[in-house]
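Two complexes come next, and they have one chain in common, chain A, joined by chain B in the first and chain C in the second.
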Partner chain A sequence: MSDAAARRLMKELNQLKTENPAGLLIDNTITSHDLKQWKIGVVGAEGTLYAGEVFTLQFTFGPQYPFNSPEVIFVGDTIPAHPHIYSNGHICLSILSDDWTPALSVQSVCLSILSMLSSSKEKKHPIDDAIYVRTCNKNPSKTRWWFHDDSV
Partner chain B sequence: MASGTTQAPPEEPPGSSNKDESARFECNICLDAARDAVVSLCGHLFCWPCLSQWLDTRPNNQVCPVCKSAIDGTKVVPIYGRGGDTTDPRTKIPPRPKGQRSEPQQSSFGGFNWGGFNDGGGMMGGGVGHNVHFSFGIGTVNPLFPLMFMLPFIQGIFPLSFVASWFNNGNPGQENGGVGGAPGAQGPNPGQPGAQERGPGPYGRVHSETAAPGSRMAQEEEYLQNIFKYIGIFMLLWLFLV
Partner chain C sequence: MVNDALENQPTTAGIVTTTEDELILQDQQMKRIEDEQKASPLVGEKMPCATLVALYDQETAPAFFEKANELAKVYSHIRFIRGDGNCFIRAIQVGLVEILLNDKERLVKFIASSKEWTERLVKLGFPDWTCTDFCEFFIEFIEKVRDGVHQREDVFRIFNDDNTANYLLMFFRLITSGYLKEHAAEYEPFLDEGMSLAQYCETEIEAMWKESDHLGIIALVRALNIRIRIEYMDRNAAPNGGTHHNLPDGHDNATFTPDITLLYRPGHYDLIYKAPLAETSKPALPTVA
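And then the complex of A and B:
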């Protein structure tokens, strides 16, 4: 991890801890010693299909962060059933690959995913889930995503 | 804050306003205070090294990290604060682009000296046409003066001789008769009546003050005018015949 990346991640972590945004649970195990991988809890917003459910997002930062997007997947026992989330935790979201910009942050990615969950109309995985999960690379950034549905 | 309350404003933790103050000038990429600061045309602040690295990361999709408007590394504006860095920014690679300086615009008539026109007017009009040249050369600038600049267009529409008589026509103290070569003087000229109603401009007034009708000066001027008129007519005839 480069110096600049560590500096920026440290700033983001401090900001997350002081602001404590609604709907996000900051893992206390994130320390300045190992900033490479973060786990952040996401609480489904009230009044949505996922109200009250807690999911875990795993951020993995490369040495080029923030110029390259972090790898973000759902981990743990509960992967939300969502038309853009595969059952292995991979997320089809444009800002995680093509539309990433260094002005985005851990917090903005979390809020985007929370918003994506909130606008879901039915709890089911994408139609190509079975094939994708069997054939995909472990790293979602190796997937050529095709973004076609802005409604959810 | 609601007015009329006697409560003291809620106490802010010390340093929070300081934090806001500095956050305004943080680079949008590294989140530190911007160094070698540049601002994009869309108004977003970056360190030049950060922005340049981002532009290198996506060479064929150069967008502002904040608002995704198109961004050009050569068209960002560097910000020079007081004090700041004393090192030459060009020692960094790639060099921070220079600020764009443009000279303040000067209106084309800003330095124009109207008072000198009686002497230098001939030079001004010289490029426009013979008739204008002799008309101004004797210092009888008439109120239709601004129309001089339309001459090239007018000449395309009306006969040349008509224009010549028309320019001399607006001259106070000048008789209309006696000019053999003004066949179009009574022609349809929509601009003429309105222009004459305006009365003599500054030049007409100056002219009538310095040369009262009947005085020797006026006679001399009339004599000169006639000479120039005949020269003009001769030139026009020559133009037509050649």
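And then the complex of A and C:
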């Protein structure tokens, strides 16, 4: 990892720890020794389908971060059932591919994902889940997404 | 990106299924393009314009050969910039910092306006700390130039280091976007129907490795308050009918003195320079007998 990327990630981490944004659980094991991959807990907001449920997001940063988007997937035993989240943890969210800009951050990605969860009207995976999970690349950034519905 | 037609398609509409082989092939192609790009430095050395002429064969590319020769009569040097989608912005950044290295007064003013830009961006609602991080990085760099911590050779070393160079470049992308957003009413009508200015700025200006189009070019020139000339070296004439285009528009061609001159070849910008006056006109100094 380049110095510049490490510097930026340290700043992001400190920011997250001081601000401690509602709905996010910052893993205390993220240290400067392993900045390349972070795990962050997200807690479903009150009054939504996922209220109180805790999910884990895994961020993997490439050497070109923040100029390229991080790879972000849900990991662990519980992957939220959501029309834009596949059962293997891949997330269909435009800012994670085409619409990424270096002005975005780990925090803004987490908050987008939280708001995506909050606006969900039913707990189910995308209709093409079975075929996608079978055929997709391990790295979701290799997927050419069609963003079918911006309203969720 | 809702598309009604797609909504009614069967289950595979969610993704474009690409086979593993196709993906590998695409990756290889991308890698090759990247390798080709990386073979040339981000910012090249200043070279005599003869290097440009030498790129074209009189037989196979007569139009380009002739234009290169015409340019070589007016311009003495060229600095090649890597063609990675950032070339316009990078060329402007390098050209401007070169001026500032030799003009302390302008440098001091420029630092002040860069600091103002930080505030303007925050006021425009840019994500606060990620944006100010890029601003601070740039201001720190340019202040080190002012204080002599970064000498000329340091500046070019930094411009050629991918990581630092991208941070510096990002500041110019942000002020380009900021300028457009401040003048949204003026520029929004130029966008394709259905695209908002905010969307355009996010996907075309603020994202790295996206080529600058006319809107991005004029916005950066105005945001920096500089004058540039673009010499066109393609089969078509410049937008105003001549061989070059001055920006901002509305200046008398005869009296226009650009700060920076760029050479445009299809899809790409490099920096070009006129010889210092003393060299071209070879003043007839009285010789001591």
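The definition used in the following text is that the second predicted complex is superposed on the first by the 152 of 152 C-alpha atoms of A that agree within 3 Å, B and C clash if a C-alpha of one lies under 4 Å from a C-alpha of the other, contacts with A are read in each partner's own complex, and residues count from 1 in each chain.
Operating definition for what follows: contacts are C-beta pairs under 8 Å (C-beta built on N, C-alpha and C of every residue); 3 or more make two chains touch, one makes a residue touch a chain.
Note that this is a predicted model, so its numbers are computed, not measured.
Contacts of A:P102 after superposition on the shared chain: both chain B and chain C are touched.
Contact with chain C, but none with chain B, is seen for A:Y132 once the two complexes are overlaid on the shared chain. Touch counts on chain A: comparing chain C and chain B, the chain ahead is C.
When the two complexes are superposed on chain A, the residues of chain A that touch both chain B and chain C are 4, 8, 11, 64, 66-68, 99, 101-104. Listed in rising order, the residues of chain A touching chain B in the complex are 4, 7-8, 11-12, 64, 66-68, 99, 101-104. Residues 2-5, 8, 11, 15, 64, 66-68, 92, 94, 98-105, 108, 126-128, 131-132, 135-137, 142-151 of chain A touch chain C in their complex.
Against chain A, in their complex, chain C makes its touches with residues 1-3, 6-7, 11-18, 20, 23, 126-127, 129-131, 133-134, 162-164, 166-167, 170, 174, 202-203, 206-209. Across the interface of their complex, chain A is touched by residues 28-32, 44, 50, 53-54, 57, 63-66, 68 of chain B.
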